[in-house]
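Two complexes come next, and they have one chain in common, subunit A, joined by subunit B in the first and subunit C in the second.
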Partner chain A sequence: MATIDDTDEPDGPLNRWVQRAIEDPERVYRALFYTAMIFFMVTTLFPFYWLLVLAVTPNSEIIGGGFIPEIELFGATVPFPLPVPQGFNPGAFVDVFREIPFHLYMLNSFALAVTTTIIVLVVASLAGYVFGRLEFPGRAVLMLAILAISYFPPAAFVVPLYDIFAGNAVNIPFTDVALFQSIELLNTPGSMVLPFSALFMPLSIFILTTFYGQIPDGLEDAARVEGTTRLGALFRVIMPLSAPGVATAAVLTFISVYNEYFFSSIMATSPQAGNWSPLVGGILSYQTQYTTSFNLMAAASVVGVLPMLILVVVAQERIVSGLTSGALKE
Partner chain B sequence: MSTETAGGERESRRSGPLVRVTRWMENLSDTTYAYLLLLPVFVLLGSIAIYPLLRTFEMSLFAQTFTGLGEFVGPGNYVDLFTGNMDRYLPGQPTFLPQSFGIQGLVTSALTMTLLFAFVSVFFETIIGMGQALILDQDFYGRRWIRAAIIIPWAVPVVIQGMMFYLMFQPSIGFLTPPLADLGLLAPTNTLNDPASATFVIIVADIWKTSAFMALLILAGLQSIDRGLYDVAKVAGASKWQQFKHITFPLILPTIAVAVLFRSVAAMRVYGIIDIVSSCTVVPSLSCMVVESFFSGFNAAAGTIAFTTAAIIGLVVMSLILWQGEEAI
Partner chain C sequence: MASLKLEHVTKRYEDVTAVDDMNLDIEDGEFVCLVGPSGCGKSTTMETIAGLTIPTEGKVFIGDRDVTNLPPKDRGIAMVFQNIALFPHMDVYDNISFGLRLRDFPKEEIDRRVERAADIVQLEGMLERMPDEMSGGQRQRVAIARAIVREPDVFLMDEPLANLDAKLRVHMRTELQRLHKELDTTIIYVTHDQAEAMTMSDRIAVLDTGELQQIDPPLVCYNEPTNLFVAGFIGSPSMNFVNGSVGADAIETPNFSIEFDPARVDGVAPGDDVTVGVRPEDVYPVPEADDVSHPTAAIQARSDVLEPMGDEIFAYLLLGDGETSMSQEAATDDQLLMSIEPDSDLQEDETVSVVLDRRKIHLFDDTTGDAIAHGIVDVTGDGSAGTRAESDD
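Then we have the complex of A and B:
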């Protein structure tokens, strides 16, 4: 507070601060607030910093350790609180693409994510329209069923799915009656896009149900009077008017597919870019084939995470609204 | 309209398969139309979720032998699973039920390791998420960037999250292992192949990634609180802590409860992070056991564990939905 009398001021910066804090508790809350903020910033961003440190350190220096240098501070030797790179070798970021075609793995991931997003948007739009705008018997039960299915573990589906995608017969459950012979889908986009679509569709359905439900009936009626078909009204009027909701569903689906591990690692049986192995396969190749090239593992991870960093900064609002509206619904 | 008159023909007079389908659709009742539009959802979820779930259950009803599926045994496999007779089909050392109730016993049992993981990580995620949400709820310069930084871990691919923590704790490079080993939290050598240490690292990794998700849910709860309540409290002379204790916390408690329960269910599916940081034979989560026993050729064992997992999760979700009732939608 500015009213403190100079003659009363205790000695030392800490004592002075304490004195002022007692007179104005607001200061303590502010100090706590900034301390907590810095703590969360450091803990969330530190792993990224560590990847960068490892990526630019020449691999021969990594095994030795010694990332925490000792520094002289007020005459005493103390460990520096952050690891620092041992040397500087940005070449790792080039080698990442040379050792294996890492860009192809990333392209595969993008292709899978875009395909899944399109499928999910179309199917979830139809469902969102139905749940958001139509009244019909069974509505609540169906929504609950979709919600429940979305919480089942992928592990409960994986064994029969793998069998089908390997080209075995599809039997009616609990009988030996074969419905049809499946085509082999392992190592093709189909074996991943289908499970991804089923896995991530429920969240989009809930997001789009909310958004489509908010469009006034009058607008849809007007479009119908103008001569649009029922489906036309959905795709030409309701969907464009709910553009923020559609964008939210798209961003969340894209991120989820790009980040998925379970089916990505199981359905792409050989980690080769030519066999549609996504990002997961690329990074695991470095972990299993170049077991001591820690700088390459780190550099590959940095390259692989960049698209997500950009997406979070650009589409932050959409992610926040989607996660909160979708998840609180659930 | 003008284009139609220029064509000299009204839409309803045109013919062809597309027009016939459109006209048929226009005349459907609301209910039929609703179910027609839901058809793609039914096909997708039916073939990718419900059919495999039924087949998984079917597989679990046949005897497991070392050569393949045996004869029909009904619920026998489930009895075997809970009496420990199924453990020999699990890869590595893990058992299904804990052999002892020490840390070592708990983390080498598939069931208790999964429950322990879900409980501990969700507990810390809730506390940290609450802290992050309270910060994001303030108005300050640069809030947008701080929020982006807090969300970023949520958007990191599982495989890269795994690499981060693998590279932080790998004993030959990770600088974090020696100090934590000195504290007795981690095994000093072979850290990531020690069940207890690997479980610790995996829990830390999950807390790092998922706290942001909890933060966003709690933040939504915080922002729905009527700000007028705080003005009243200020006039009454309540301190910030009293405001939190008597206004904020009781009002967001229901949001937190639902978020915690659903997050716990999701946490029980843990698989990827284990596969990268350690290995499924060291840290035996339920999903891990399904995948490992399936790739060892033990389909009945895989089906039994998979269906047990699904049943546990299904029961929790069903009771939650019943408890929340219509509010859940």
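Then we have the complex of A and C:
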């Protein structure tokens, strides 16, 4: 193994690769990296591909199956490794909007997500400032209590919330003493934004606490001496400097709400766009009592994913640096 | 521009008193240094003036206004921070104009002030840069410019030069003095570096354990320290301290005695224990002692370590039986630090005779640490020796 000599080169491509890998270990890491990358790409992209295949396949062909064709390879008959569409019907992407006002469902989801994100960012910023930058007795306990909320199953809240949002009087438990008379919120954005904000708040508070806690005190002091209040310093200095954290919290909240179904399917008493039923409600309404338009559901899913795709591509640098720097620094 | 007054300001945290009954009266246009070791309360005092901390007791006045409970933004102050604290997400122009923009100044006025400030601190042509593209000195100047544009009543500077390298620090020191001359604003300057305090300020306020020890012009602090702490803190290297007791006609220390007439100084009587302080430059080797008008008797010592500084040599002398003492304590009875001419031919481990200048010997009360006298001979002929130390309370 003393010299690298052309005549010494071992035979066979594998042997040669091994030989070079020993001389240059970087190659091994590179190979491992590509292997891992390909694995993750396949597992994440395959479902999306499968949706596309289903979307362009006419609905009547879907039940029949046969998405894996047999092909002749060197005289043997083998299954093709990927499913292929049975027929070609791109009109499904148009039918999606003809059958039901799918754009309205998307708009509902978008509006709910934006409102919730704004509420969560503002309130979680205030909480993050307090938890991250101020010393007070009971801070850790309070923080734990808030985090504990995120471990409650959302189903635990559904019944009481539905009761309240239906406009019923709320009594003190086990008595007939009325606590308050709520206004009816079912089928309005309020009945969804309120529980979403509460449920997704703890994670955002946690992220922002971590970030705001890392901004040096001197910068806040400087801002206050220069002429801001504490709140002004939070929004003018601390928040901009925590941009990766704010972006992370915002995107996570936005995506969670955009994809939410459980609460919205109950708070919107029927899956109609006018009842503020969201995206998922729309997708499911391609299924009626007698028919199920799998191709339209697939096409609608693809259309629904697109805005998220754009958002994540645009914000991904921020999100990644936000997730990792928060993890590294604490 | 305004005067500044602290009245009985006390700041207590749960179990610590950071500032204890601080009274400061700073005149309009004065440059005052708050100086003291780490944890002496100087930064807390500064924060109290800035409004970043609300005092537990006492009042803060800027000009005639009681600002004790006002938020920082309404106090008419500007501050330069130790860690510089430029906003990293803003360029130099936005950093400097931050305070003005918050106060809705017209655009032309902001431009005019930023330009003038940039001119004063020599930052022309750098207004577009981001803080992380600048050197430490440049950032420091941006921070100072940010304070200047506000045209504050009082400038607060919290160790602004601490993070700069030695050469830049000396340079910035001069620039700050020039700035003070130019702006003629009241400046409060916090530092733990007594050299900075000595060179820059009109008056030095020496703090220790949250209490004001002395506030006087630099040379008064140097020549007439009110107590042991100030004597040891001001001056580098520090003053020599030796324990002694007053006899009928001399002060006896473990290794030598100093001719002294107790009747000439108020506050000491034979039998009292005192601490004798003498600065390194007031110790003379015998051959050079001819100029000293009131020398002590020669003291035998052995030279230990020599530290040539270029313009002078610091010689550590061992007294008595001359065992090397590794103690860092200021009051080691067996050690004496002497500053001598750089051309001296003194070698290490030589026997030397030295004398002290009795006009420059300080006496401190052994129990309270307060100064009793500065100079222990009668030089004025009015019957009292040297300068009578003032009681500090």
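Keep in mind that, in the parts below, the second predicted complex is superposed on the first by the 271 of 330 C-alpha atoms of A that agree within 3 Å, B and C clash if a C-alpha of one lies under 4 Å from a C-alpha of the other, contacts with A are read in each partner's own complex, and residues count from 1 in each chain.
Methods note: a residue touches a chain if its C-beta (ideal position, glycine included) is under 8 Å from a C-beta of that chain, and two chains touch if they have at least 3 such contacts.
Just so you know, these numbers come straight off a predicted model, no measurement behind them.
Contacts of A:Val177 after superposition: neither subunit B nor subunit C is touched. Of the two partner chains placed by superposition, subunit B and subunit C are both touched by A:Thr229. By the touch criterion stated above, A:Val94 is placed in contact with neither subunit B nor subunit C. Look at A:Ala127: by the touch rule set out above, it reaches subunit B but stays clear of subunit C. In the superposition on chain A, A:Leu309 makes contact with subunit B only, while subunit C stays out of contact range. Residue contacts after overlaying the shared chain place A:Leu51 against subunit B, while subunit C stays out of touching range. Judged by the touch definition given at the top, the superposed model places A:Pro216 against subunit C, while subunit B stays out of reach.
Of the two partner chains placed around the shared chain by superposition, neither subunit B nor subunit C is touched by A:Val141.
Between subunit B and subunit C, it is B that contacts the larger number of residues in subunit A. Residues 226-227, 229 of subunit A lie at the contact with subunit B in one complex and at the contact with subunit C in the other. For subunit C in complex with subunit A, the residues that touch the partner chain are 50-52, 71-73, 77-79, 81-89, 98-99, 102-103, 146, 150, 156. Looking at the complex, you find that subunit B touches subunit A at residues 1, 4, 11, 22, 25-26, 30-31, 33-35, 37-38, 40-41, 44-45, 47-59, 128, 131-132, 134-135, 138, 144, 146-153, 155-160, 163-168, 170, 172-173, 175, 208, 212-213, 216-217, 219-220, 239-240, 255, 258-259, 262, 265-266, 268-269, 271-273, 275-276, 286-287, 290-291, 294, 299, 302-303, 305-307, 309-310, 313-314, 317-318, 321, 326, 328-329. By the touch rule above, subunit A contacts subunit B in their complex via residues 25, 29, 33, 36-37, 40-41, 43-45, 47-48, 50-51, 54, 62-63, 65, 67-68, 83, 122-124, 126-127, 129-130, 134-137, 139-140, 142-144, 146-149, 151-164, 170-171, 173-174, 194-195, 197-199, 201, 205, 226-227, 229-231, 255, 258-262, 265-266, 279-280, 283-284, 287, 294, 297-298, 300-301, 304-305, 308-309, 311-313, 316, 319-320, 323-324, 327-330. Interface of subunit A with subunit C (complex): residues 216, 218-219, 221-229, 232, 237, 240-241, 243.
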